[in-house]
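Chain IDs A, B, C and D follow the sequence of writing; residue 1 opens each chain.
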Amino acid sequence: MNHITLLIHCKDSPGIIASVTSFIHHFKGNIVYIDQHVDRQENVFFMRLEGEFDQNSFSYTSFKTDFQTIVATKFEMQWQIHPASVKPNMAVFVSKYDHCLYDILGRYQAGELSVNIPLIISNHNDLSHIAQNFEIPFYHIPVTKETKNKAEKKQLELLKSHDIDFIVLARYMQIVSELVINEYTDNIINIHHSFLPAFVGAKPYHAAFARGVKIIGATSHYVTEELDQGPIIEQDITRVTHSHTVKDFLAKGRDLEKIVLSRAIKLHANRKTMVYNNKTVVFS
Amino acid sequence: MNHITLLIHCKDSPGIIASVTSFIHHFKGNIVYIDQHVDRQENVFFMRLEGEFDQNSFSYTSFKTDFQTIVATKFEMQWQIHPASVKPNMAVFVSKYDHCLYDILGRYQAGELSVNIPLIISNHNDLSHIAQNFEIPFYHIPVTKETKNKAEKKQLELLKSHDIDFIVLARYMQIVSELVINEYTDNIINIHHSFLPAFVGAKPYHAAFARGVKIIGATSHYVTEELDQGPIIEQDITRVTHSHTVKDFLAKGRDLEKIVLSRAIKLHANRKTMVYNNKTVVFS
Amino acid sequence: MNHITLLIHCKDSPGIIASVTSFIHHFKGNIVYIDQHVDRQENVFFMRLEGEFDQNSFSYTSFKTDFQTIVATKFEMQWQIHPASVKPNMAVFVSKYDHCLYDILGRYQAGELSVNIPLIISNHNDLSHIAQNFEIPFYHIPVTKETKNKAEKKQLELLKSHDIDFIVLARYMQIVSELVINEYTDNIINIHHSFLPAFVGAKPYHAAFARGVKIIGATSHYVTEELDQGPIIEQDITRVTHSHTVKDFLAKGRDLEKIVLSRAIKLHANRKTMVYNNKTVVFS
Amino acid sequence: MNHITLLIHCKDSPGIIASVTSFIHHFKGNIVYIDQHVDRQENVFFMRLEGEFDQNSFSYTSFKTDFQTIVATKFEMQWQIHPASVKPNMAVFVSKYDHCLYDILGRYQAGELSVNIPLIISNHNDLSHIAQNFEIPFYHIPVTKETKNKAEKKQLELLKSHDIDFIVLARYMQIVSELVINEYTDNIINIHHSFLPAFVGAKPYHAAFARGVKIIGATSHYVTEELDQGPIIEQDITRVTHSHTVKDFLAKGRDLEKIVLSRAIKLHANRKTMVYNNKTVVFS
């Protein structure tokens, strides 16, 4: 069976669901999952649909042409189709912290993530041994203020030559510039170590400690040009008390960060997220 | 606009979603929500759909006839249609504990629950003053071993004369017999004060304390003949430590019970639950 | 038995715990609970101790004199003693929202809160019927820009004539000025309907919705002159998704607010909180 | 400074805290942490105290002798003293699942766990490569029904020759017999993949799925002879819905298991747990 995922968004209007589902049916497909959302404030319709088609008779090319002609044009849809058999290529960017990297690679090895990881890029060499253990190519590209532009160009070259679909910043301690963001809009996932929008920027656990909060959090979001302001994919929290030090916050935070980042990776890899208006629709 | 909710379940097969959505479209309806689930083990398809129809041209009678003829018969569907304008009638059964009752009536008064509450039935008179405050008829029907059958017949009379759709056992301290269950199958919601299936039966907090658990829970479920074995609608938990006494468990439990029960009431009142095979499908 | 609670803070130095516990022992008391905290950054010691003394031989007056002379002076302690038999007097301030008020009064009636509630003060008359149901005096003191000072003086008169120990702002929709704050420093508890420090100020759920967060929260804190900047007592959160509207945020928030506020009230009423440096120590 | 942890339990009686704290003070120690618990049902007193003593003048031998003579004998205490400078030796038992092992070794390498890990023992060879990556000796001791006794004797030999203080069963798929339990009473930590006491025994996620629960859990407990009945150290949960398969339960469970097990290891390694009456006191 050919298993595909269809992502659609367009202005809301009557008949969209019926048109799409009828099209699938006439194309001899079986819908195995359908979910939709309407943003009533913005009047935008979102849909995620999984369908199965007979291996022999199904043609991607004709599906794409026909869907555009028969359905998409009418509703002025923006849409993507993803064959389930093709896993996205994911690059991991790291610096010196290893907890997120270990977590990602452990899940990758266990077959939990529907991705390929062709490479790891880092501005430091500290974690190359982990890449080696998991047998994944590791590229050390140092970044300084002066070399940043050059370094990012080198990153982009590597990303393109490995056909990378999306990037995961696994506690990568450099701000990614618009050079890279523009090439990977809505395809760079960051983990911020606070409950955004509280504690934007550097040293959020120190700020949380100073404020005397009773709960700390971590937030995974798509990277946009404004620091820590991108669309939120996933958040989680844990309790703290007066007896915890900043060091305790950091340790508890590490557990949060890796779990939250991995959840975001899974959602993105399974095409369950859609971005609109600096927010995400996250299908279940 | 006529706003309706459609609940469907049937054997899974290709084309169901397309058939249903096309029918709605041809009936000049707009689908505002659609969700579905397939139980792959049992090969059963579940669907919940909300649609809007033009006030003037829409007829329930013809919708029902046509849907049965054109769609339902073909797929051997079991289905229900609910107009959003008609709120279900809910009876509340209580005994002596007041926390769930206060919570339900507070939400009812605040307009949070899409139900009518025509009456409260109790085997004790202790909470009649609350019913009075909220101006809801209160019927005191004492239950003893000897009078149980007679008491339940009296309950059923009241339920029928008030056209009750579903019953909420808000810490009602009597076992409901099959006499009532058969009349209200999948329409009696209980709150059990443990994390089922742990601690079935009486005094679950005492049992949890004795076992030394670090988390306690509450479970809302539909009532079936086997005690505390019915389909689970909603559960939640809270942390406890060695320093908490059974009395603390009871106090923390009260907060859990009322929140979990209210969530289950909302889900049921909004027709978001479907029961199959002693489990629930809970649409979001 | 005389049951007392002792709260102490002072500069940290060796021998404090031994001095205090020996004093209790020589005073023929039995320590039933002891907890302490040292803020290592500030080098401040905090202690909460519960002790039992023989009813006949125990004298508060001599305890106070002796403790000051023998222990407190040496370590330059700030300390309080509270007899468990004396419940603090708590005033509730409300406006139009009833969910927190219902929750507080339900718990009060159930004996869950170790407080007396001699009065409810409101700038609107909307909730007077609830006060009446629970048989608690209700004072309607309207507040406008022009009458604010006069209104607060009237509030203070009432608070003093009822010997109020602390104030709970149960969704009171007025900013309390320094006139009242100065009289009740660290004794005014507010519930803010966001996960502070995110979304300070008005309409936090609207701001949370606009930001596209996946978790919303509520925060109970002591009131200081800077709006929503006071020491945090308790926080909790709940999950939201793209499918929730602002109205859903508000409804979910109500459940959070009442639970978080009640927890804060209990902690304060049981003398489990200490304030230092705009943070709280919350003993378990 | 000499930093020590003192764990005490005995029958409750007046003066214990004063006696202990005065002793520490007279021994020129500074108490940096004190916590206590009284089980009122059983009338048992528990205490955990951390103290600092001057490096030069402090002698363990005289502390032990004097504490026994002056304090412990009087109250018939059972007590232990642990120097903070000595980390306990921890053995890890595994079989085929790697998620808990990765998590433990990642934390170990990051310096998060105050333990030494001299060896890993497994009844299968599958995970030896992980041990190798982290450079920890790996012993493959196959276990069959017939060889179990012999295998456990071999295990015990290894444990003794490495001076092992406690054992962690990181998804070790063999039942540990009394031979090992008796040598390591209250010193074998297991992770059970359910919310105990629900779903004791094999395949708990399958059982949870069949029951239709809305929350699944994991439980870390000390191993006793009765399967899954030992004192609970830590539990945690995560939400599931009708849309999750058993496979999803297993994946979500893996995240729970490793977090819950690591928390239990930390608590035990930091001497924060005390066992009494098949329950744990877990100090904060």
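Before moving on, here are some points about what is shown:
Rule of thumb we're sticking to: a contact is a pair of C-beta atoms (placed from the backbone, for glycine too) under 8 Å apart; a residue touches a chain by one contact, two chains touch by 3 or more.
Everything quoted here is computed from the prediction, not taken from an experiment.
When the CA atoms of chain A are superposed on chain B, the rotation angle comes to 180 degrees, reported as a multiple of 5. Taking B-C and B-D together, the pair of chains sharing more C-beta contacts is B-D.
The chain with its Cα centre farthest from the Cα centre of chain C is A.
Annotation: 37 Å between the Cα-based centres of chain B and chain C. Note: centroid distance chain B to chain D, computed from Cα atoms, is 42 Å.
With touch defined as above, residues shared between interfaces to two or more other chains in chain A number as follows: 241, 243, 284. Only residues 14-15, 17-19, 21-22, 24-25, 29-36, 38, 284 of chain A touch chain B when the two sit together in their complex.
Interface residues of chain A facing chain C in the complex, by the touch rule stated above, are 37, 39-40, 195-199, 211-215, 217, 231-237, 241-243, 245, 278-282.
For chain B in complex with chain C, the touching residues are 98-99, 102-103, 106, 109-110, 112, 133, 241, 243, 251, 254-255, 259, 284.
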